[in-house]
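Structure first, commentary second.
In order of appearance the chains are A, B, C and D, and numbering begins at 1 in each one.
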Amino acid sequence: MTSKMAMRILTAIVALIFLISWIMKSGSGMSDSAFTNVRNGFLITFAVFLTLSIFSFLYRDNPFYKFAESLYVGISAGYWMCYGFWSTVVGNFVPRASRSLSEFFHVPYQEQADHIFIYIPIIFGLILLTRLLPKIGWLSRWSLAFIIGATAGLNLTRYLRSDFISQVSNSFIPLFVDWKGIGDFVNHISLAADGQFIAILSNWVIFVGVMCGLVYFFFSKEHKGAFGVASRVGIWILMITFGASFGYTVMGRISLLVGRITFLFGDWLNIL
Amino acid sequence: MKRQIPMLILSAVGTLLVVSVFIPSARHWQEDASLYFDIIAVFAFFLGGGNLIRVHTEKVNRKSAGWIYSVVTLLGFGIMLVAGLFKIGNPGGIAGDISQTGSYFQLLFQYVMSPLNSTMYALLAFYVASASYRAFRAKNTEATILLVAAFVILLGRTALGVLLTNWIPAQLSVLQIPNLAIWIMNAPNLAGQRAIMIGISLGVISMSLRLLLGIERSYLGGDN
Amino acid sequence: MGLIISAVVIGAGLLWMLYLSIKGQDVDRRIVYLFVGATVALAIIFRLEFGEVATPIVKSVFDKIENLPPGSKIVLSYDFDPAMAPEVNPMANAFIRHILEKKHRLYFMSLWATGQSLLSVSLDDVLKPEFPDAKYGVDYCNLGYKAGNEGVLNVVITNFRKMFPSDANGNSLDSLPMFKDVESLKDMDLLISVGGGKPGVKEWVLFAGDPGKVPTAGGSAAVSTPLLYPYWPRQLIGLLGGTKGAAEYEAELAKTHPRFKDKSMPALRMMGPQTMAHVVIIAFIVIGNIAYFRSRKKGGQS
Amino acid sequence: MIALLRIAKSVVFISSLLFVMSILPTHSVYSQDAGPSVSDLGSITVRAHDTDNDAGGAITVEWDDPGYEKLAGFVGFLIWRTNTLAGTNDSVEVTPFGTRTYDDRSVSDDSTYSYSVAALVNGERLMSAPSVQVRSSKQWFDGRLTWVLILGLIICGAVIYFIESAKRGTKLFLRRIAGLEAIDEAVGRATEMGRPILFVAGIQDMDDVQTIAGLTILGSIARTVAEYDTKINMPVRASLVMTAARETIKQAYITAGRPDAYNDDMVHYVTDEQFGFVAAVDGIMVRERPAACFFLGAFFAESLIMAETGNSIGAIQVAGTAMPAQLPFFVAACDYTLIGEELFAASAYLSEEPRQLGSLKGADVGKAIAMIVILVGVIATTIASAWNSESMLWIENLLRQMFSTG
């Protein structure tokens, strides 16, 4: 009972702050039209309310977060559906399919000889909708088969070219950079960041690292003996990679929070 | 029948797209396939949107716990659809750009969706901190390596890293933390990324083949 | 004042966390969240700025410009668009200040169509008000944008005038005194590209710096910086990565040339909260490990 | 950006054309320098041929420069085209300084053309002799991709070979993957605790192969779930994934002999918005408190938000993705992580079907090829650069040519 009471008091306080903020923001509006000022005052206050509601999730789940979450889900689902309609249907399909529809939507009609093909996805799309009819719902698998086939076909060659072939050829690196003989190397050995030793060391690490990393991914060979050692080094290399990427990203993540707090203190409270 | 035809469609489409890479005059099939995918995905919106409406109306009808939030979702969905599909308030009318300033669609995007979006994204700052606090502990060799690499990179990105190791002479300058951080990004990190990418490409190839050959077909449903 | 309050609040909090950890109590994740939020908020409210110290990769660019004899010829290319500008524009402005302060000759150009307008903003907002004595055509000039991406570099590495018959204002290059002894990029003493996409720093290295054997430096957005690290220190003399790199440069500039101290230093300002939160996270990791070793020791004893 | 570049390119092109026109009258804008004059130089030789490896409709023009570019008044090379069937002439393009080739993409395969190239110097057009007549045509195979085809055939051949040999009953050794062994345990725990399991197949649509990989694993998990009679909750970000996931789970329930227990509501669409989806998944996690969370598919920045929330409710978490940038976050916040290739191999492991397992051995052959080629390439490059060995340089160049993406 008491927690319900506390929740009511909290809601009342939030409502009060919301109202005060709305009034203050409307009063300080820049526009000549009173309606625009009141509207913008509301919208800014609402944006602040949503921001704080989401942050409140860090403490624990609560009605404010639930409200913001539900609203976000509804609004954004509608957003992307509208976007899909205007950009894909009107932007890509209509100009290829029909002149009169193109004129209706004010998009330039594309004269093309092969616009019969544009009906292929329409057919598969309609087949997909048979999912709604229990009797022939199994037909929708045809559309899924079309999509999965396309994905598999496109990705097979794409990954072969961009990831496999290019990553392998990038690994053809010399293990002795600027080599002028062992004597020269020993005489000039230093751990300076731009020294020859470090350049050579880097290439050795890359070479050994790629090899051992690949060994780690071997599925059909037991990771024992020399193979096991290599696989273990492979895991270590992967761990360095993960640690490094994690560490490098941290700062960028904080800048996102800086943006939100600046919004609260600057755009809303005007204390910056 | 119910199983053979989809199998046939899948293999035919996939094989055609693999072959099209090598034939100059068929190369546009690749872009066509992506376009077709987008159009089919729009049809799927009916299923997704329908599901969203059904799930939430049911909650409201049954007055199940938290039904009021389902009302919020449905309202938001409806308002956005109406505002976007009819381009309400759009200065350019039906021909205007959907995200034109002044349209209700854009207004809702700007004051509702965009703050929600950036705030959700900003939660990452907190989660990155709690994950670092909890996960970066020297429990075993692997975890220690992870920790040390992360720590060097983190230090290298603050003034602390410079100040701590400034005294190291130029002869050993790679040991200065900022240099060490860059070296880690450059050599071991690069090697790890490369091994992962080569592995992924082979994984994709073998999985695509399993799909095209009809060995992997759990997604195709049963025979009834 | 703000700094003291923040330091006390955060320091006390961290000590308390350390105390809890040593006692073996696990710290609730919400306390971690509170810390991060409070740290960033305090730093924003009190506008905390920290004296960034230049890392070697940034310092080497700074030293290069600092130590070139006055009158050296430096190209500064604006290879970015408005989306990247918050991160990289501060770098470009810091370069302008430093180069003109050292009385070098500055040649502006751009490989991105969008770079040209950002370039004119820099000219109007930074160069002209802060260096009223700098004379166009003598101390600096603006070649503007040319289409052709790295192809432009392929040409200007052998001949400027073929690609740029005139500068952005329509003056023939021969009418500009600072072009009297310039035939191609090879006559330059330093090339600087500020950008984060393609063409960008990488293309400057591969198509201008390397073939022309001209020292090349760059500034780039944080996401694309790791891709450029492999060129340092052999092909790139230095690199400014993201807001952090820009802030380090600004700090170094303010230290060596105090007259810029009062100028707005946008990257330094942006870095304040980020650095503070970063240090707090490092402290978390340390505390977390202390806690872990304590608990393991206890576990081992019992 | 691209659009801007295009506009800028056309502006440059038009302005250069205008510039050419403006200097066509006899007076020149440049002062005549001393030096070689136009008459000292030989004429330009032009070669034209059908553009290689294309779908027709393009002719490549190549020419040499006897030294016009060095002249003070040089502006550019003008490409002049004669349609020898129709008998019409037109200028195609003025190329910038430094170019020696031009692809004319505005020709028809049904006509023949001949090209001349003129150096524009001081307003004069010094026209070359016309090239031979050429006709554009399409090629049936892109010759630049020969090595891609060969490598693809080798790797795919290896996969198919081992699938076939597994079908014939050859026994295979497979190393263990801890994350996969944890799946049964996680589902079992959920059953014991009477709590649901949460499955997220990434946030991409069906056009990402990682999503499909996630769904294939879902097939195996759903079978265990059906056997144990646990509840599964699967929010999805894309409608197509919803349809595919329903088929997958339904099939699993049928295989497990419990078609009656299946229900479409196990999979539900949330929203296409990345962080809207995350907000909802977070909500589901804290309200339904699943005992196990599976994140298998393509993830972006949201990976850590979900994994940390899952961690806060004490769920067993198994993640897997081929997004290198997100792997560190899963490794840090989840109990088990399938790294890159392991995600694609997982369904084969779980199916325990010999043919599927055979495909893994085929992928291992691919890795072996990569390792051998890298080894040879590194040795060749090293010896070629350090000791100037001609033969090693030849090997290096051959390998680089083989492994170029065309």
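Everything that follows uses one rule, which is that a residue touches a chain if its C-beta (ideal position, glycine included) is under 8 Å from a C-beta of that chain, and two chains touch if they have at least 3 such contacts.
Fair warning: this is a prediction, and the values are worked out from it, not measured in the lab.
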Query: Which chains are joined by the largest number of contacting C-beta pairs?
result: A-B
Field: Chain separated most widely from chain A, comparing mean CA positions
entry: C
Field: Rounded Å distance, chain A centre to chain C centre (Cα mean)
entry: 26
- request: Averaged over CA atoms, how far is the centre of chain B from the centre of chain D? Could you give it in whole Å?
  value: 16
Message: Taking the mean of the CA coordinates per chain, how far is chain A from chain B in Å?
response: 4
Task: Measure off the straight-line distance from the CA centroid of chain B to the CA centroid of chain C, and report it in whole Å.
output: 29
Statement: By the touch definition above, chain B meets two or more other chains at residues 21, 34, 37, 40-41, 44-49, 52, 113, 116, 120-121, 123-126, 128, 130, 132, 134, 136, 146-147, 150-151, 154, 157, 173, 176, 179, 182, 185-186, 189-190, 193, 196-200, 202, 204-205, 207-209, 211, 219-221, 224
Query: Taking each residue of chain C in turn, which ones touch at least two of the other chains?
result: 29, 33, 36-37, 40, 56, 226, 244, 277-278, 281
Field: chain D: positions in contact with at least two other chains
entry: 148, 155, 206-207, 209, 212, 240, 243-244, 247, 269-273, 275-276, 279, 324, 327, 329, 331-332, 339-342, 345, 360, 363, 366-367, 370
Query: chain C touches which residues of chain A in the complex?
result: 55, 58-59, 193-194, 199, 248, 250-252, 254-255, 257-258, 261-262, 265, 271-272
Message: Which residues of chain D touch chain C once you look at their complex with the stated criterion?
response: 1, 4-5, 7-9, 11-12, 69, 74, 96-98, 312
Query: Which of the residues in chain B come into contact with chain C in the complex?
result: 125-126, 128-130, 132-134, 136-139, 147, 150-151, 154-163, 166, 173, 176, 178-179, 182, 185-186, 189-190
- prompt: Which of the residues in chain C end up touching chain D in this complex?
  reply: 29, 81, 112-114, 145-148, 151, 154-155, 158-159, 162-163, 197
Interfacial residue positions of chain B with respect to chain D in the complex: 21-25, 27-28, 34, 37, 40-41, 44-49, 51-52, 55, 113, 116-117, 120-121, 123-124, 127-128, 130-132, 134-136, 146, 193, 196-200, 202-211, 213, 215-216, 218-222, 224
